[in-house]
Amino acid sequence: MDKKKLGYWLFFIALFLGPLYLTEFRLALMGKFLCFAIVALGICLIWGYTGILSLGHGVYFGIGAYCTAMYLKLESSNGQLPDFMEWSGVSALPAFWIPFSNPVFALAASLIVPALLAAMLGFLTFKNRIKGVYFSLISQAVVVVFVTLFVAKQDWTGGTNGLTNFTTFLGFSLASPLVQIALYMLTVIILGLSFTLAARLTNSRAGRVLSAVRDGENRVRFLGFNPTSYKVFVYSLSAALAGLAGTLFVLQVGLISPAMMGIIPSIEMVLWVAVGGRHSLIGAILGAVIVNSAKSFFSETYPDIWSIFLGLLFIIVVMFLPNGIVGAFESWNEKRNKAKQKGGTADAADSVVS
Amino acid sequence: MQPILSCRDVRVSFNGFQALQGVDLEVKPQEVRFLIGPNGAGKTTLLDVICGKTKASDGDVLYRQVENIRKLQEHEIVRLGITRKFQAPSIFANLTVWENLELSLKQERGLWSVMRAKMTGEDKEKMEAMLSRIGLMDQRHQLAGMLAHGQKQWLEIGMQLMQDPEILLLDEPIAGMSGTERHKTGELIHEISTACSVLIVEHDMEFVRNFSKQVTVMHEGKVLCEGTMSEIQQNEQVAEVYLGRRESAC
Amino acid sequence: MISPMPCSHYIIRKQYFLRGVCMTVMRKFWSKHTIIAAISAAALTLSGCAASNALNEEEDAPAADTSDTVKVGVLHSLSGTMAISEVSLRDAELMAIEEINAEGGVLGKQIEPVVEDGASDWPTFAEKAKKLLQKDKVATVFGGWTSASRKAMLPVFEQNNGLLWYPVQYEGMESSPNIFYTGATTNQQIVPSVTWLLENKGKSFFLIGSDYVFPRTANKEIKAQLKAEGGTLVGEEYTPLGHTDYSTLISKIKEEKPEVIYNTLNGDSNVAFFKQLKDAGITADDITVLSVSIAEEEIRGIGTDILTGHYAAWNYFQTTDTPENEKFVAAYKEAYGDDRVTGDPIEAAYNAVYLWAAAVEKAESFDVDAVKEAAGGIEFKAPGGTVTIDGDNQHTYKTVRVGEIQADGQFKEVWNSGEPVKPDPYLETYPWAEGLN
Amino acid sequence: MAVVITQLFNGISLGSILLLIALGLAITFGLMNVINMAHGEFIMAGAYTTYVVQQAFSHYIPASLFNYYYVAAIPLSFLIGALLGFVLEKTLIRFLYHRPLDSLLATWGVSLILQQVARSIFGAPNVAVTAPTWLDGGLTIAGAVLPYKRLFIIALVTICMVSLYLYLDKTAAGRKMRAVTMNRSMASSLGVSTKKVDATAFAIGSGLAGIAGCALTVLGPIGSTIGTYYIVDAFMIVILGGIGSLIGTVFGALSVGMLGTIAEFWSGASMAKVIVFVAIIAFLQFKPAGLLSARTRSLE
């Protein structure tokens, strides 16, 4: 137990000390990747542990980012109407923008709005026992709805350009390297806290209920648990994590647009978790960092083949590494330890019930 | 004695097919009741209706004569004390035996309470007792999916018993078990019935003969007759129903 | 006492079969821990180095003064949906760089292009811009197509005091001190073309566009202009990017019977719109369509048969008759194949490189501030006619042209502004535009 | 009046296009329960096949016969789509029948690769297909023009539906396919080679996507990303119609087509898209099984 905890501590401390050994540019990249790692944690919770595959987490990420971006935009507009509204013909700040001039409200909203939206959608679909691929496809439709809306409502959202060109956050200049380092460290801390939260949840009895829901949702009902409330809870928790990541993302990258909440980014989020290991929280973090590093690397070296590589990665992971990198290490280690008992396949719990 | 469970004129139809055509059935406290009948008679469907998996299109299912559970959701019915074991073992393959039992503890099953739940010494004793009762003490840290078929069946029965049910619904509990295992299961059921009522669907006549007191025969979505096994064996209607379909009886 | 459940949440429990023994479990945890450490280390190394491996570390980035080359960034989408348009810009820029290098380079240094892929993804544009400025220490960057990509890069260039040359016509309302705009702003494309339409083609306008920033902003200006110059607006419709069914929109057009359709649709939607317009029995004789996003390259993807007779407004056509253009088209085809065509943004991208080089020569320095200082008034005899940098807003003076699409996929110029038009991104010199911004 | 007729026709036409796109999915997803995210790229493959056939005709076939390139393109598009589908089934899908979520991810990877391959072969810009002249023009009814191309697509999708129905109902192979989709183990124990049936069914579904791609060339763009425009809509239609029900898919496509055109006429294209998707999501909350479902018990 202690050794493992020590390992995690070392990992997070190594990340935390990033500014000491990473250059400014690489630190910025890493900060972005760690935001993605927070999203990945959330996806791991719902997908790896609960069996809900959401192809719509870009929406929650985006909404969280927009909430914070609205505050940043207002702050950098110095009390004037944001530039894009001016040339979109809006004469006064829309009512729903007004509270976002308060940073506390904006930051709280970046957590709560995604969580509430997810809870609503989750409650309806899970209560109606829509699950598996049907839920995945519906979550994709939700992405289409939101992206179309955000693009079409240009006078409110900045349209395809999104919100960008921020100057300060709570009075600190976002361009300053020191502020960027502070934001990076904040990201590491929040990632660490999210990880701890997620690990505690999955190690609790509730976490075992979630795994049970994944393996046999109907069976869980016959133990007296209502899977709907568990699923709604974990789904909105994961949406809140995505929203939180969006906030950190927009602070560090200084930009959010509908393109970042689209279908492709949403599916890529799932890929991070698949590559790292869908049943492993630390795997999700590693997956997000590794896939995005690889993306940076490949798209710089061989821009044309990045999408082929990405496609192959999907296929390889699904076909040969269903439990991702961490899973592969696990079984390799297992083999090394000469564990040979493998007989008997695990029946799905729901064999009869469903 | 007041019946603990009464089904009144329960009807179920699947896309026009009448699976249950008005079933009446009463189960008394601490009674072991066997449901027999040829395939397609509606035995499993009746269990499905009682546990909430299938919704009856008509009729009432009364618990303790007052509460109509026909429209309740599965987990609400379970919380009342009616648990169900399915025909094929349905345990959580990726959890250990111990964890399977842990989830089956009689407990507050709300999200908030479960998140804060801690294993008490009492819980632990209860689970260990159950482990030795179902003979899985040595396998308790194994993944449940790795158990042998009979062990899975027992684990599932154990999971039902952990919930201290008032009524236990069993669907062919001994299917796929060896002779000694069957006997052991029979004993177990007998033992259980001191605490709760048991409603069992079973095809194995030998087993029914050995362990039944009351038997209900179903045929084509209706109750054909009720009585002790020897009474049933005398019944001409039953013979007729079974003679044509001998193979399904054994 | 053995803990009742494996402590590690990430274990794949299936593999625990028959491993109830405490010692084994403990040993396993130890090795698992090693693995985590190993993976972590690997991940850190990878994330740290992967991005930089193929690139030059800043340590060995040559300082501009001592080496005999100067690095410039070329940042366009080479993958994703925008690659369709942007790849040609990269080609044009690389060609200009090669030409300049063949002539001896800039300030005696060879230009070394660092090509990056924006991947049609706006944060990627920002990330790569940052990389070009901070790691490669490029003297300038040529890049972008969509407004979104420019908006994403803008803060990066302002914060790092970099220099971006943006070569595509856009909606105006912007003038960053760190960006030079070599494409048209609205008063060099849209405003004159609307005037031309009103004078030559009809007064009633139907505006259609893709649902994003450029069409919406452009149409707002067009509406104000129509009001001022006696036109009427009979309809205004937007379709989502990638929309492919225009039947309903076309029935609305039929209802309103406009004389002119002003088209700001983007990319693929043009194909569907023009095909379906023709099917609905509407030809160029019935309603004039003037587009501002269809250049020679797009015509080929739509099919000349359905576009013939419609119009487009640009600053340059492949058929523009100047000696510079003859040379440019020949060189472009020579370099990239006979089947390639040039077009307005391609020309603007090509110009950008020359304009930068000229400004550097004038400033006698690659320093951003010096180049900006020197850029005002720089002239270049471009394929599309002389362009001049306006020192006030860092846009360029450009000649406006309206062309009719011919059966061979080329334009026949039907009107031009005669002389280069002064850029006015905020439309300050147009009384009717007051209150638009 | 003309507007009403035109709009009614537009609704049916949009419905027929959506149906053509969704028909292949109704087999691979609806009957076989495979989520094939590369379905859109099979549409793309069909479109490019049409382009290649056209190029071949204009180069190697007398100009007088050029107009018939389209007749050759339809079956060829089907074959190319079917071939791609067959290969995909043999190499990937068949290992993933029990892991639907994973097949979703893997086929998404396939779609990325196919898009890039298309870009490498045909270049990033769109290519143009000239529709045969016999599809030019339209039928005029009460002042409303019904373009021949749209009428042709309606006819094409009808033919596809009827052939599919005949195949599934009247041929031995089709009956085997239905048997497998209804009860896999039973069919297998009766001596039906489920592997063969799976591959055939998947190839047919993919082939239909190829036909859809061929048909779309007369109306829309031909580029490496066209598949992505249609894929989400297509899946939603199949879900809306009800899994496993071909007739349900027909109803799903037609209702989405009608709703889409009506909403677009009253508001605008963007809002219409939002309205349609919200309506589908909301509808599924009330009726998770879709309009018509072949399975009795909801989405399980």
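Here the chain labels run A, B, C and D in written order, and each chain numbers its own residues starting at 1.
Operating definition for what follows: a residue touches a chain if its C-beta (ideal position, glycine included) is under 8 Å from a C-beta of that chain, and two chains touch if they have at least 3 such contacts.
Computed from a predicted model, the values in this text were never measured in an experiment.
> Have a look at A-D versus A-C and report the one with more C-beta pairs in contact.
A-C
> From the centre of subunit A, which other chain's Cα mean sits the farthest off?
For subunit A, the chain whose C-alpha mean is farthest off is B.
> By C-alpha centroid distance to the whole-protein centroid, which chain wins?
Answer by centroid distance: A.
> Provide the C-alpha centroid distance between subunit A and subunit C, rounded to the nearest whole angstrom.
Comparing mean C-alpha positions, subunit C is 30 Å from subunit A.
> Counting only Cα atoms for the centres, state how far subunit C is from subunit D in Å.
33
> Cα centroid separation between subunit A and subunit B, in whole Å?
Computed from C-alpha means, the inter-chain centre distance equals 43 Å.
> Can you tell me which residues of subunit B touch two or more of the remaining chains?
94-95, 99, 102, 143, 145-146 - these are the residues of subunit B that touch more than one other chain.
> For subunit C, which residues are shared contacts with two or more other chains?
5, 14, 17-19, 79, 211, 238, 240
> Going by the touch rule set out above, which residues of subunit A reach two or more other chains?
Each of 148, 151-152, 208, 304, 307, 343-344, 346 in subunit A touches at least two other chains.
> Enumerate the contact residues on subunit C facing subunit D in the complex.
Touching subunit D: residues 79, 81, 83-85, 87, 211, 237-240, 242-245, 247-249, 251-252, 254-255, 267-272, 275-276, 278-281, 297-298, 300-305 of subunit C.
> In their shared complex, at which residues does subunit A touch subunit C?
1, 3-4, 6-8, 10-11, 14-15, 21-26, 28-30, 32-33, 83-84, 86-89, 148, 151-152, 154, 158-162, 164-166, 175, 199, 202-203, 207-208, 253-255, 257, 259-260, 277, 279-283, 286, 289-290, 292-294, 296-297, 299-301, 303-304, 306-307, 323, 325-327, 329-331, 333-334, 336-337, 339, 341-344, 346
> With touch defined as at the start, can you tell me which subunit C residues reach subunit A in the complex?
For subunit C paired with subunit A, touching residues are 3, 5, 7-12, 14-15, 17-19, 27-33, 35-40, 43-44, 46-48, 50-55, 58, 78-80, 115-117, 119-124, 126-128, 130-131, 134-135, 146-148, 151-152, 154-155, 159, 171, 173, 211-213, 216-217, 220, 238, 240-241, 436-437.
> Going by the contact rule set out above, which residues of subunit A touch subunit D in the complex?
Against subunit D, the touching part of subunit A is residues 53, 124-125, 128-134, 136-138, 140-142, 144-145, 148-149, 151-152, 263, 267, 270-271, 274, 304-305, 307-308, 310-315, 317-319, 322, 354.
> Which positions of subunit D touch subunit A when the two form their complex?
Touching subunit A from subunit D are residues 35, 92, 95-96, 99-106, 108-113, 115-117, 120, 228, 232, 235-236, 239, 268, 270-271, 273-274, 277-278, 280-281, 284-285, 288, 298-300.
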